[in-house]
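Once you scroll down, you'll see the structures, which are given as structure tokens.
In the two assemblies presented below, chain A is common to both, partnered first by chain B and then by chain C.
The block that comes next holds the complex of A and B.
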């Protein structure tokens, strides 16, 4: 009986290969996008973990020079001899590989290559003859060096003894940072007393790559999840349609005595079997997607955050399993409604096939109520949400609510248009479109979600880019930055540059506490560089006048949010009490920051002298100036930073990000287009009886075909017009809720109408392409088929 | 096994199980080897001898606070060479290890430091005398030293003044360690008066007492069949002192050696067998059975004493672990001293 039943059930797919293809392809695509994105994320996170494990990144506090330059090795000895338990690290790049030199004797336990197995190796390692340790891929990039292959080492990194690293990198006697052991002796002098040029960076702060890159991975995950949701809509449509069409078979089987329970089990098993096949294909496709995206993702992460991520993908069993699991889970979600409906179906219910949910009635009311409820929840969350979980709940409620509301809104719009239609053909067209809506609604929901995701994510990424480049303009307003190694050099730079450039702006700062929070206070010279370039999130009138007069202080957003400080509040600084006159955005900075006038700074911190300078000059003269300064006063180019270079680099990084975003945009739109195609194709056969009368009354098949095409484009246009506000809502939730909860700063939201217009056009093209084949088939339907409608008793 | 553990294992072969370092016992691999009838040249010989594989500056002290509580204190700097000669800076083949400890009747605080030679983080200079690793240091001259150490648990700052001459062990400082002839250069300054402040988790304590400095260097310290040692430095209330050690061998036999130090500093060396030390009671600490009560005899000097650990849990939780702590002496002679036990793996 089981065998016969299975045969009967499976024969449906045999006779409807297109439906089977829709089911499998939808599921495979959904799984592919999801597992591809997961694979990229997993690969990146594995790289961070390897870096944390072998380099101690994000585990220990570090000391480094305030100006980011390497410190003298003598500073290390001074700290050790004063009782500070610190361990030196030197790093740099060789053929693009990050070379990290450590001192195994003082490094915290667990840092460093872990596969040294012979004592002789250690001796060699320590006396500087020893090898570098790197994974196989990295070793290939350093062909001239002796490398010990060690799979655990973070990708793109090679570890060696500090002495060997200093020699390889041409940094003799230099140290880049000091790892601070978590437990220190009972008594030791303050850092400010023995090494005032160093600052302590907390392990939780700037160096935790995992946290820094979370926003990037959040974007990818959001994409993956939305693509998966879109795919599940397709699957749900296919399954629902198949169930409706198999009603006669089900009735017959049950009438023959097959127990309902067994029937449901068999149908569930059949679907799970398909899910496994589609899941397997999906995971393989996901691997391809991930492998194609990973090099760009790796380049982005390295450029944005300095995080080294393997550019090649490893097959990890965990996402094979998670890919299959999500395919099974998705199928279960998509099929549960249909199975539940079947379990409640009376034994001899009408076997009349009804295309999916043709009887709107109560279903539409329920759906409308659910949509309204979710949208109200989204509204409440939008007003109150302040955590990461609430932020995601907001995203979920907004998207699902909007998707559920879509068919109802479209139906109302079509009803209204239909009422205004004058000509008979137009009236028929609108009524027919409305009648088709339930069958297309799932595909249209998929399109809505895909477009909203595109609008939302590209708004977020573009806003980030715009904000960040504006921020770079603000912070890197000077054309050239020069660092001095000591006070004498600083004097030499001032004396040399002053007559040769438009302005010399000293950059000086101290680390202190404001409202109990770690804050870096800068003293700035009154210059139009600040007045012209800085933008504020909140600003009191005349803030530059009052600040440069030493009466007020400007603080960054992080400090403002964390200490709950606003304009007009006062903060104590040494002996002074200053009023806050402005709050500025400070993207990517983990700690608080404040700015006061140069004179006030000199009064409060008389011992601090500036060792970094921003030089304003004509952009075209920068290269020349650097060359001459090296020749005239011996300040090497390595002590200068060219603003144009940094900006070009940053923009290059963003372009990589856009490559990834665009690729994912195209993929999600393709999935939505596929959904429309499949819906139209499955509807096409059922449409013949509806079209035959129109044909019989004189419309040509070509006319009907054109109208079909027009209908698809019209529906896509309507959907797109709803997707735009939804996408903007999504972007707002990502920028103003999720980002604030995750990172402590809000990104301003910018609108990009041209991008949206282009996206809308793509959606119309996708819909038109999807409708083209069904319309063409309709136009070529043999008249005999249309005639048959009238001969058959239906 | 990570890099650090291996470095440490290399660094102190003498304190690890000698079986694991078979090559070290006999193969001096280009290093100088101690020879009989040495002539010492001070202050130069207070400084390091880089052409020997291992060397140490080893201070132990028995202290009392005003309320009579007994404390033990250790300050040790070990030098271990990876090669007899080599590069400079980070590539210098000298490695340094410091151990500092404070023992109370109830607690035992330990700290360890490691450093490379060649970069200034650790080292010893003979004239003026200075031995240091990080912020731990011992400076002055051999007659008057200032000694400090710090850790998360304790710090101490001590002044030591010598009240007697240097004492040379074995044959004028040539100390034989096995029947096969392994030997080291070995001298001591056992006559220090010491005073200073101990800062412990439960407060600061002013303390006074006596201290003993050992200087030893060698390239082939143990025979292949020797697995560890028990070393006693005892100061008797009548002013005499005694150093004795017992090297444990895999054949169940021991190799012993002792130096009797009269109150005026006159030293008498005793060959293998004259000195005996037998465990009377063991105590389980750090999952090992450690002898904490010993029957120690040197019949030729009428010594027949019981040596008891003041704190049986004086286990050094350093990279290469061992037992080191203050002891109390009763029997034919009374007094105090220090006991070190290695090889109890």
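The block that comes next holds the complex of A and C.
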């Protein structure tokens, strides 16, 4: 019985290969976009995890000098003798590779390369002759050194014994930080008593690169999810149409004695089989997409956040298994409605296909009610949402509600247009377009979602770009930045630069707690650089005057939101109580930040001396100054950063970010175009009986073909005009709700009309291209096929 | 007795309240017997046929086929009955459009695990379909499609054949040929035949005739 039934069910696809192709291709594309994005995310996260696991970042507290400079070995020995369980770390860069030296005997378990912890090379390691441990790609960048290939090591990093690292980095006897073991002896002196120059940084500090990059991954995931949703719309359409077309067969099968349960199980199994095939193809395509995108994503992450991500992709079982799972899950979601309807369908129900009547009657009423309900929920959430879950609920309600409302809105618009049509051809055209709407509605919903996603995400990314470049102008106002290696060098720089440049601005900071939150406090010199360039989200009058007078403090948005601090509130800082005079945007920073005057900073933190300086000067003289400074006082160019260089680099990073989002934009739109093409092709056979009367009454086949093309473009245009406000709503929700909930800062939203116009044009071109082939086929329909409509056999 | 129908009632819900289609029908049919069910449109003929075929359930009464009351069967039980014991020939043929003629003919027998290649070949030959086996239903004429439907129904050798106006969609000449073949084959298998028809001439060719009027035996 099973074999015969499967033969009957599968024969439908054999006889309708286009429908099968639609189903498989829709699912494969959906899976590909989703799993491609997930592969990129998984690769990046695996790199962060490797870094955290290897170096203990984010897991253990650390001790470092307040001024950020290396400590000497004696400090470490003093602490150990006093009972502190700490382990030394030294790090630096060699040929662009981060060299990390650790002491395997004192390091907490789990830190360091796996083979080392297993004891294989411990002897060599201990005497300082051990090799470096690095993955294959990193090893290639250090050709002159003895490297043991260890895949677990984070990309761009190499681990070795602290002695070897000190030698390689030219830091003899120096230690950058001390890892603090989680369990410490009870009887041990306070840190302030034995090493007051050190400060303890908690494990949850700003070093967790995963938090910094979450925003970027969230964008990619949102894109992947929307693409997947668009693909599932296609699958839902293909499955729905197939079920409608097979209604007579289902009735016959049941009439011939096939139990309903067996039928549903077999149809579900049939679909799951297809889902596995399409999911497999999708995962392979996803791998290709990810492999193409990963170098750009890796460059973006490295440039924007300093996160090293492997540029090559690995086939991780979790990733491809989840790709298959999402294909199966998506198919189950797409098919559940059709299977449910079938399980409720009486055996003697009409066997006539009703695909084109989907939006009619009760169904449309239900759909309209659901759309209205979801849009009302979205509105309420837009006014009240203040958490991540509420933010995502807002996005979901908005997108699904709008998609469900689309066919109803289009139907009303077409009805109104039809009523105004003068000529009989126009009347017929609008009425016929309205009749086509139910069959095309799923494809149009897919187009709506794809366009809205494009508008929303590109608005967000472009707003981010504008804000970030303005932010760079604010933060990187100085033409040149110079770092000193020690206090003596710092004094030399000040003495040398002061008479030669317009201004020397010290950059000094200390990590502390404000309102219980980790905050980096900066001490700034009174200079027009700040007054001219800094912009504020909220500002009290004369905020610079009061701040440089040591009366007020300026805080970043993250601190303001998380600690619920506003203008006029006061915060204690060491012995002082300061009033907040301004809140500034601080994009990409995960922790709190505050700015006080240089004098006040010096009073509160007398041990901290500035080691970095911003130099204001004529931009054209920067090159000369760097060369002369190297010759005169021996400060090499490697200790300077040219502002123009940083900005050019940052914009270059953004261009690569745009490459990623543009690629995803094009792919999503292509999927929507594919949905339209497949809907038109599958509907084409049903169109013949509808068009035959118009043909018989004098319209040419070419005319009918042209009208088909026009219809697709018009529907796409109407959909695009609805996608624009939806996309802007999406962008607003992402910027004002999700971003704030996830990262603590809000981006201002800018509009980009030219971009939207270009996107609309692309959508129309995609719709026209999708309609071209079906229209051409229609224009060439043999008259005999049209005549069959009028024969008794139909 | 192959079939016993006792006091069958069936109503459908309408906007004006329940509408009684069948109001206490009784009939019997023995193996090898043929019975014509006639009546005007709306008299309940097709409804009665659907109830006997297990395609629908009565509100009241008993339908006993081969000793078991099908009104008491669940969905699976009725499906089992339709697969092996009862065969239905529909007016609209109800062939599976995506299967070739050969597969359509063998379909129900395979579904019932009663596929007999020799008997199927005989049926195909007697129906004059041997040259059509590789075609799809849409490539056949109406008469040929109905012959495929009859062959499909008879392939598992059902004890009871139900036919709902099997020639209603065919012209007179084709209808006569199809009827001859069906009656001949039913007689050979020894099955009982209950046929709904509007045609008095067709009804006259069957052993007995039962006329329905407004849901009751006239």
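Assume the second predicted complex is superposed on the first by the 579 of 794 C-alpha atoms of A that agree within 3 Å, B and C clash if a C-alpha of one lies under 4 Å from a C-alpha of the other, contacts with A are read in each partner's own complex, and residues count from 1 in each chain.
By definition in this document, a residue touches a chain if its C-beta (ideal position, glycine included) is under 8 Å from a C-beta of that chain, and two chains touch if they have at least 3 such contacts.
Keep in mind the model is a prediction, meaning the values are calculated, not measured.
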{"item": "Partner chain(s) touched by A:183 [first = chain B, second = chain C, both, neither]", "value": "first"}
{"item": "Which of chain B and chain C A:424 touches, first, second, both or neither", "value": "neither"}
{"item": "First, second, both or neither for A:81, with chain B first and chain C second", "value": "first"}
{"item": "Chain B versus chain C as contact partner of A:631, first or second or both or neither", "value": "neither"}
{"item": "Contacts of A:103 with chain B and chain C, given as first, second, both or neither", "value": "first"}
{"item": "Chain A residues touched by each partner, larger count belonging to chain B or chain C", "value": "B"}
{"item": "Chain B versus chain C as contact partner of A:389, first or second or both or neither", "value": "neither"}
{"item": "Which superposed partner A:163 touches (first chain B, second chain C, both, neither)", "value": "first"}
{"item": "Contacts of A:15 with chain B and chain C, given as first, second, both or neither", "value": "second"}
{"item": "Touching residues on chain B, where the partner in the complex is chain A", "value": "1-4, 6-7, 9-10, 82-83, 86-87, 89-93, 95, 114-116, 119-121, 132, 134-135, 150-155, 199"}
{"item": "Complex contacts: residues of chain A adjacent to chain C", "value": "1, 3-5, 7-8, 11-12, 14-16, 248-249, 251-261, 347-348, 351, 793"}
{"item": "For the chain A and chain B complex, residues of the former touching the latter", "value": "73-74, 76-77, 80-83, 85, 103-107, 109-110, 112-114, 116-117, 119, 122-123, 125-129, 161-164, 166, 172, 183-188"}
{"item": "List of chain C residues in touch with chain A within their complex", "value": "50, 53, 55-56, 75-76, 79-84, 88, 90, 94-99, 103, 106-108, 110-113, 136, 142, 152"}
